[in-house]
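Which chain is which? They are A, B and C, in the order written, and residues in each are numbered from 1.
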Amino acid sequence: MNFFARFAQNRGALVGLIILLAIILMAILAPLLFPESPWRMVQRPFLPPLETEGFPLGTDTMGRNVAAGLMHGAWVSLLIGLVSTTVALAIGVPLGAIAGYYGGLVDDALMRFTEFFQTIPNFALAIVLVAIMQPSITSIVLAIAIVSWPPVARLVRAEFMSLRHREYVEAARLVGQTNATIILRQILPNTLSPIIVLASLMVATAILLESALSFLGLGDPNVMSWGYMIGAARTVIRQAWWLSFFPGVAILLTVLALNLVGEGLDDALNPKLARERS
Amino acid sequence: MSDILLSLRHLTIALPEGADRDFAVEDVSYDVARGEIMCVVGESGSGKSMAANALMGLLPKGVRATAGEVVFDGQDLLSLTEKQHRELRGLRIGMIFQEPMTALNPLMRVGAQIGEVFEAHNRLTPSGRQARALELLTEVGIPQPEKAIRAYPFELSGGQRQRVMIAMALALKPELLIADEPTTALDVTTQAQILDLIGDLQRRHGMAVMFITHDFGVVAEIATRVCVMREGRIVELGEAREVLENPQHEYTRALIEAIPSNAMPAARQVDQTAPLLEVRHLQKVFRSRGGLFKPSREVHALNDVSFTMARGETVGIVGESGSGKSTLGRCVVRLERPDSGELLLDGIDLTSLKSETLRRERRRVQMIFQDPYASLNPRTRVGMAIAQGPIANGVDRQQALKEAGDLLDLVGLGAAAAERFPHEFSGGQRQRIGIARALALNPELIVADEAVSALDVSIQAQILELLEDLKQKLSLSLLFITHDLRVAAQICDHIIVMQHGRIVEHGSAEAVFLSPQAAYTRELLEAIPGRAHVLATA
Amino acid sequence: MLYARLIVSRLFKAVIVLFMIIIFNFFLIQMAPGDPAAILAGEAGATDAEFLRQLTERFGLDQPLHVQLWRYVSGVAMLDFGFSYRQQVPVLDLILARLPATLLLTGTAFVLSLVLGIVAGSLAAARVKKPSGSLIMALALVFYATPLFWVALMAVVLFSVYLDWLPAYGMYTVGAGLEGFAFALDVGKHLILPATTLALFFMAIYTRMTRASMLEAAQQDFVKTARAKGLKNSVIQRRHILRNALLPIITLAGLQAGQMVGGAILTETVFAWPGIGRLMFEALQQRDYNLLLGIFFFSAALVIVFNIITDLVYRLADPRIKEAS
């Protein structure tokens, strides 16, 4: 069976992929369908959903179009999720690879460092970082990356530690390959599948983190995001529940889709039946 | 034999779809009489354990018996409900397994695990169970049973754990004991003790034993009758003595030939004047690193090891696990750095080499690894895996790949194999690839670390033959590390016996086998299963 | 003796980590855009020249960097976290007053999520490939993907606004003057929604982990041994599979402690629960950075204490560790 056939065997993963594609489509179409800024006040406030044409999800406390905000927010969520995960991988993969391959004191030092970051409560650290650096897309991406790289480093380290004593790696060392070649050619390719799976789950977590930061008022003040929409509507929840409801569903669906896709990737990349004897 | 306890009739067990064959066993019939030891012999994949699992009701998911019956004391076990089957297990049929390290629950005390057998069948009071557990531990010969009963499995050795398993299986005096490769994971001396114990208990309790093994030596040691299986079918069935002395089937003959013989390879004349490898006073201590608050531990893996080896010679390093033999091999190829001592290869001390010089000199000593499944990078084509060495040493890529093809020819796989990935090859074929890789750098010395241990007996023979052939053609110098004296006997000119990090005996293969000097060597030789049989028939 | 040594070694580690957090905080203030004194003073305090002068003097902000660092570190080491200008109270007093509420909330949510997660996970493992097992896993997946603050808000809408079953805000009914058991009951009622919503996400994690861990443990050789003894399936599940499967879950629970504190910030914000999470939100809104950093330090300390506890529990559960340590 090829990769996609194995992926498609997991029906949940297919559903997740479809939802994810729909959300990506939303993000792409947002500027076309709603060319105006989602921050513009376009109608009277507190319009309930499905009552006024052009405002299928109603308007918020300031008379802004909820549907427009939702679609523009998709772009922000996906962007921050992807970029912060990439940055986290860029920190975690090299650290984990070096710690796992060389072991000994290097490993000790790097792992103490990683443990330190893992001990600090994630979300509290992200809040402090964004608050002090001032909220912006850059500070949010950095904060999320800084709190989410430790699991990557630990995973890569564990993989490297188990693979570095694998006989084919020792054989490569015996024939005189350099450490760099061994790390890049022999070991890294064999750790890619778990990294890819972890990365897809990290994008999901990053989106949750971003929404939580925005909810607390730590979002970039120039971009509309789902978390901000919920946070801004929090105080009027008794009058207008839908203002919080729809952005929340959007987050839920996106994160759910990413998790489903991650599970599908896991099935497709690590077929247990075909797995090598280890 | 008249008093039949267990009878398999035309048993067929189907494998799930997508397996490499349709049936695990096909149309298999044999009987086990009360009080006899029936050995079921076969290599991996022969389906030898499947019938036992079926009669215990322990078949893996997706595997099920589709035809035939398994009659135990007049009752077809295949028609039992799960509850009826459960009542039979442990009470009338006991079972022990291959891996004593993992067969016990790591979180429960030994006594509690034995007590569970009584609990499962509502026997005795809790304190009575512990009293019986103590008796059982005493019976299976565990040292200090009062202590062992309160021990956790990790506090016991492999042999002791297997004794606990036996105590558990015998707790309710079953009529049938199934032993599924119970000695394979053990060292040869421990193996001999466990075999003795099983034979002894069988005689005392008069139970029937179904003993599953891949080793005809074990058959010679304990079997009353034997059933040889291959690819799910019976190839030969009969009285053990008869099958051993007069095997009818060619396959059975091949398996029996793997039992040690006293025929030594003719000692060859080797040039002793200029030794290729000189090992002097090698020391290696492994320290588990202590932390701030925990003490460190030391294991003396190599303790003043010295020997020399001539060009074109094959030297066997033989020892049980923990003897330091693998550490020695890894020091010679410098995967491990000895603490002190010298390793002179053609007069150059390998121990003094540091990173970059070492990397360049590495090509002179190469290694053949144990596990054919772990020794090849699953993502690298076979040709490239072989060519990587020469490329790293500056050979042109095209040239290196071409030579890799030639080497694949030499080891009998054909140059076309170069384009394929490792998973397309069987274990024996992969081992050939590993040999080609070791040859690619024209090394002066090859270290083979348990190079055939992971292979089935018949494949083992082929690989040994290939090595023998290459030795002649390329006049290789080979350091052959093995736990298996039989294998060493087949290929080595000289043999070094190691125990606890020291060399206890060193001599020509013939001398070591026929007139061993050290007590430990004699112990090892006597422990080889089936040896008594060979001596009797030789 | 063994435990004493272990605790000493863990406390030693904890002190190092906390020390590093203090240094980290210090450099964070230094790196932030603008005048450190103004940042420490917070938005409100920055207009008070006298307060700024006091801060500058106390932290030596006109001194070289290493002097500043020394003053800051030694200050925190003496549990002096400075002064919240906005609230006109020392930071330490503010935090200590709010700590019990957070401990109550996170403790309840932790126990709840762990117990329910393990039960649900074992059920799902026993019913693998059956509809009921799949349903549990689907629910766990949804809870895992749901933003905590949103569940909290929706719970308020449903259970407080619409059904009017439970109070939506606060920790006790203000002005009711309840005492003793009645007070406890009142707090309990206020606790239900925040604790449950906080627990949901973690319950999902433990459910998934328990199931995976049990399915893996079920493959182990000793399970076959147990079956060969003739033990009942329920006994095997409980005594052999679950016990072994729980070990990785204890480790995971330790790692989740930090997440739990993060979750508390959101839940406390939504439910106006008077804990340090709510305090953090207030500090954020008032840009009271000195208070923010103090809370950050305390939340890290909380996580460390929790990690030590799980470490001890793990050692109780796994006999092999004693020998190895």
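The rule we apply is simple: a contact is a pair of C-beta atoms (placed from the backbone, for glycine too) under 8 Å apart; a residue touches a chain by one contact, two chains touch by 3 or more.
Quantities reported herein were computed from a predicted structural model and do not represent experimental measurements.
S.K.: Comparing centres built from CA atoms, which chain ends up most distant from subunit A?
M.R.: For subunit A, the chain whose C-alpha mean is farthest off is B.
S.K.: For the chain pair with the highest number of C-beta contact pairs, give its two chain identifiers.
M.R.: A-C
S.K.: Please work out the Cα centroid separation of subunit A and subunit B, and write it as a whole number of Å.
M.R.: That pair's centroid distance is 47 Å.
S.K.: Let me have the rounded angstrom distance from the C-alpha centre of subunit A over to the C-alpha centre of subunit C, please.
M.R.: Here subunit A and subunit C have centroids separated by 22 Å.
S.K.: Enumerate the contact residues on subunit B facing subunit A in the complex.
M.R.: Against subunit A, the touching part of subunit B is residues 18, 333, 335, 359-360, 362-363, 365-367, 369-371, 373-380, 385, 388-389, 392-393, 423, 434, 437, 440-441.
S.K.: If you look only at subunit A, which of its residues touch subunit B in the complex?
M.R.: 166-178, 181, 186, 189-190, 273, 276-278
S.K.: Inside the complex, what are the residues of subunit C that reach subunit A?
M.R.: Subunit C reaches subunit A through residues 17, 20-21, 25, 28-29, 31-33, 39, 141-142, 144-150, 153-154, 156-157, 161, 255, 257-259, 261-263, 265-266, 269-270, 280-281, 284-285, 287, 289, 292-293, 295-296, 299-300, 302-304, 307.
S.K.: Taking the complex as given, what residues does subunit C use to touch subunit B?
M.R.: 5-6, 8-9, 12, 220-222, 224-232, 235, 239-240, 243-244, 317-320, 323, 325
S.K.: Taking the touch rule as given, give the residues of subunit B at its contact with subunit C in the complex, in rising order.
M.R.: 56, 58, 86-91, 94-95, 97, 99, 102-108, 116-117, 119-121, 152, 154-155, 165, 168-169, 291-294
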